[in-house]
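Shared between the two complexes below is chain A, which has chain B as its partner in the first and chain C in the second.
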Partner chain A sequence: MRRLLPLALLASLLVLPLLLQANPYLLNALIITGILTIGAMSLNLLLGFTGQLSLGHIAFFGIGAYVSALTSLGFDVEIGFGHRIVHEPWPPAAGFLLAILAAGACGYLIGRLSFRVRGAYFVIVTISFAEVVRLVALNWVELTQGPLALTGIPAMSVGVPGLGNWTLRTKLQNYYLVLAVGTLCYLLVARLVGSRFGRAMRGLKENESLALSVGINATRTLTIAAVISAAMAGAAGSLYAHYLRIIDPDVFAFSTTVSMVIMVVAGGKGTLMGPVIGGLIFGLLPVALRPVMAPEAQWIVYGIVLIVILFVMPRGIVPGLSALLARRRPAPAPLLKPSPAVQR
Partner chain B sequence: MDQLIQHLVNTLVLGGTYALLGIGLTLIFGIMNVVNFTHGALYTVGAYLMYLAVAALGLNFFLALPVAILGGLLFGAAIELLLLRPFRGSDIDTTMLVMIGAGIALQSGTLWVFGGVAKAIPSPFPEAPLQLGPVSVSWLRLFVLGAALGLIAVTYVMINRTRLGLAMRAAFQDADTAALMGVNVRLIDTATFALGSSLAAAAGALLGPVYVVFPQMGGLAEVKAFAIVILGGLGNITGAAIGGFILALAEELGAGYVSSGYRDAMGFLIIIAVLLYRPTGLFAKAERVG
Partner chain C sequence: MSAILSVDHVGVRFGGLVAIADLHLDVAQGEILSLIGPNGAGKTTAFNVMTGFLKPSQGDVRFRGTSLTGLSPHAIARLGLARTFQRTSVFPDDTVFDNVMIGLHGQGAQMARAPLLAALIGRAGAGERQLRARAEALLDWVGLGARAQEKAGALAYGEQRLVGVALALATEPAMLLLDEPVSGMNASETRVFVRLIRQIRERGITILLVEHDMPMVMEVSDRIVVLNYGRLIAEGPPEAIRSDPAVIEAYLGQGSAARRAAAEAQATREAAHA
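Showing the complex of A and B:
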């Protein structure tokens, strides 16, 4: 059952576009939802498995978007003392890889800086990092065009040596691209948390002193988790830039981080399926609410929903529902207790 | 040189309100172990209450200020009673998320009620600034500085000289022991959150007439408050007061001599420097972990 659910979801997402072929609005909502869900999965790696909340997660997403866009557009900026950096346009796929690298590098810096101390520091450092990156995107007009936005970003193209090169222009193609990247990210997180490294992460979350006593290097483990999480968010940002093909400093809006946090917390932090379920629900909720209420009112609802979920289902929808199912059908007690597997 | 003196005067004016913001946040963190993500929204609420009282109700400017502060106090008490009390005993992450939800709802609420257009609060002070040799300060800003210093003094006396303050300091050191000694810790929590919120609202009500009032104004104020609190050491009240002035100085000098576009980035640079060299804040006694 637990292994079947992700497969069933993947299968239904694969055939879903066939049902809404004619509806570009819904397809667009699904693509944006998918991109945000990848962001939520990356956030869950930190928040759910190490217990560290990154409230500036949008910074990594936005850096990914800008790096990818600038790599594929090319730029020519002065860096002082008369020196210039001129960059010729590269293919979008190279931008995608560079976005992952750049976001991961930022994750490393933030991690090294803020994991020197525990407590609320990581939250505060990430939130102000996001604010500074937004200011840079807004003020470094020569590079980023500031509020005028970067336009004409080329669509993502995928090439297989010997088979040819495809440019993904339509919504349908982008939908499957996002689904493919999302599935890869899901598998990556699943492998990661099931590994020795994943056990170290969860050990740190449960009891740091105990984890330290068995030789887990706390700062190193947390920093690596931050790097992987940031890199994943950067990949999502790159997909976003090449799908919308225009980005401005508004990609760094704090509200997007809050959306991702709500997706993770509502779905179930520290579970593999949680961010996916939460992402689908809260990504598509605006579509459902749009005819009924104004965007400001929607955000009021979001805030209240977050509080209500924390009150009613503190662990999230996925663990809440599986606990409910388990109560209805009590499984026979296993003779040997299996090693605590990750909940799906 | 004249320019530098002008920057220092501006620093004093700005620093007073920053100190109010920081003290409120650090008080709530120190006593309740809650990272208050409604702080920015309460700052906005304070500014809008001031706007409502002065521009819409036609109340006297000097009477409107206590109304806005009292409004912040009641808002804070309501948030604590409705949202934080049910989550008593939860870990810091849960209350942080609850506060994020409440902050988002509050901010969108102000946007919904008042619309996105920035509002100006009329002030009764003369337009012409006070000239002191090469330096000029507007009367309004002087009043803001005076009011902020007055509020800081009141807070200081309340915490160090009253019975409520004594109970707060006891709960700060060890809530369980304080409870055993007969301190009503729940009441202290409500009082703390209300006090911290009223200080945030006061900062908003004071800076609202200096700049303009708009629903998103609290976001940046919140990030700055975090910078101040880290600078002073989480939970350190004197540290937060001094931190407010240091951040204001950094912003003024940064905007004056580096680039005005990066004025608001100074808080982040301060956070980085503090974490690199004094991870527990400039004035902290707490132990470093990891």
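Showing the complex of A and C:
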């Protein structure tokens, strides 16, 4: 059952575009939702599995977007003392990889800086970091074009040596690209939390002193989690840049972080499927509401849906529903059978 | 007998409060040593210093010849010094089995050169199976085999204590510090636990025990050290401690009207002298 749900969801997402008959409006909504859901999955790794709230998560997303865009556009900037850095355009796939590396490196810095003092300090450091990066993107006009936006970003292209090179220009192609990356990210998180490393994260979250006493290195574990989380957010940012093909400093908007937090918390933090379910619901809710009500009313309904979900299922949709299912069918626990440990 | 752990003139002060004045003690390889004393005597503080959760204001702790000063708790755990906690001894939201799997963290490190990478590319299978087998064996050994799939936080108090011991043993320690392990256990659970402590020692693990249950301490200990107000006031085998006047004074005189009266009398005397 728990293994089937993700597979069923993946299967329906695979055939969904056929049902939509390539409706561009809906495809666009699905792509943006998918990209944000990847962001939510990455946030869940920190918020859900280590308990650290990163309210500047959008910084990693935005860094991924800018690094990827600049790698594929090329740039020529003065860095002081008469030196210039000139970069010739590289293929978008290289940008995608560099976006992951750059965001991961930033995750490392933030993790090292802030995990010695945790909780509220981490929240503040991440918010400040996102704001600083946004200001850099806004004001370093020579590199980023500032508010004029980086335009003409090439579409993502995928090359297989010996087979050829495909450029993903259409919405349908981008949809499947986002689905593929999202699936990979899901599998990565699943592997991670089911491993020794995942147990270390859970131990630290549940009882830090006890975790330390069995030899778990808190700073190292949390920093690795921050690096992987940031790298995934960077990958999402890169997808975003090559899909929209134009980005401006608004990609660092605080409200996007809030959306991701809502997706994680409403879906069920600390579960694998939580951010996916939360992401789909809160990503697509505005699309579903748009034809039936005025824009002002949409956000009121959005808020009401969120409040109702958290009121009925305070731990989120996925834990709430699985508790409900467990109550209906009390399955006898097999003795000493290794548990999957993580709710799906 | 050589000392596995030496506490060398350790002092701990929280601002003006002296939690440990000047503690000096050696724990011999393979013994069961109990640390007793009235509430607030500094026993748990001493544990926290030995395991790196507190930095001493003065002095040093040496474990198997290595100075523990400045080492973090996880590094000390990996040297082979394990501990249990007084109140929260489990990871409450995980099953008992997964608790022990978390406890085996340090063991997993030795199995693969790059454990994280191995996990990501799915090569951790053999190591994981080995860890699972060890977790099962350990749970059976402490008598929790039947509870493996239950949430640790939902277990009875005494059983949570056993989970805590299993977690500590999972780190393959050379020495185990037990912080009030039988508090909240009934008489028969305590008896079982005493047997477990002896079995742990038979595995070659040195034990330092903090406990309030005097009959249990007297029964299980090779040697007892008594603390009061952060000072060592007596040390010796159980029979000697039982009849030591300083110990009786510390326990019976503690917090009573008698001591306050004595202090007042002392103050009056000093006032009279002045």
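Simple rule for what comes next: the second predicted complex is superposed on the first by the 315 of 344 C-alpha atoms of A that agree within 3 Å, B and C clash if a C-alpha of one lies under 4 Å from a C-alpha of the other, contacts with A are read in each partner's own complex, and residues count from 1 in each chain.
Assume a contact is a pair of C-beta atoms (placed from the backbone, for glycine too) under 8 Å apart; a residue touches a chain by one contact, two chains touch by 3 or more.
This is a predicted model, so every value here is computed, not measured.
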{"item": "Chain B versus chain C as contact partner of A:Phe254, first or second or both or neither", "value": "first"}
{"item": "Which superposed partner A:Ala294 touches (first chain B, second chain C, both, neither)", "value": "first"}
{"item": "First, second, both or neither for A:Ile304, with chain B first and chain C second", "value": "first"}
{"item": "Comparing the two partners chain B and chain C, which touches a greater set of residues in chain A", "value": "B"}
{"item": "First (chain B), second (chain C), both or neither touched by A:Lys171", "value": "neither"}
{"item": "Touched partner set for A:Arg245, first chain B, second chain C, both or neither", "value": "neither"}
{"item": "First, second, both or neither for A:Glu131, with chain B first and chain C second", "value": "first"}
{"item": "Partner chain(s) touched by A:Ala218 [first = chain B, second = chain C, both, neither]", "value": "both"}
{"item": "Contact residues common to both interfaces of chain A (with chain B and with chain C)", "value": "218"}
{"item": "Residues of chain A that touch chain B when the two form their complex", "value": "47, 51, 53, 55, 113-121, 123-125, 127-129, 131-132, 135-136, 138-139, 218-219, 254-255, 258, 261-262, 265, 294, 296-300, 302-307, 310-311, 314"}
{"item": "Residues of chain B touching chain A in the complex", "value": "29, 35, 83, 86-87, 90, 92-94, 96-98, 100-109, 111-112, 219-220, 223, 226-227, 229-230, 234, 259, 261-262, 264-265, 267-268, 271-272, 275-276, 279-280, 288-290"}
{"item": "Of all residues in chain A, those that touch chain C in their complex", "value": "188, 191-192, 194-197, 199-200, 202-203, 206-207, 209-218, 224, 333-339, 341"}
{"item": "Contacting residues of chain C [partner chain A, same complex]", "value": "51, 53, 72-74, 77-78, 82-83, 85, 88-95, 97-98, 101-103, 105-106, 108-109, 115-116, 119-120, 122, 124, 128, 131-132, 136, 139, 145-146, 148-150, 164, 167-168, 170-171"}
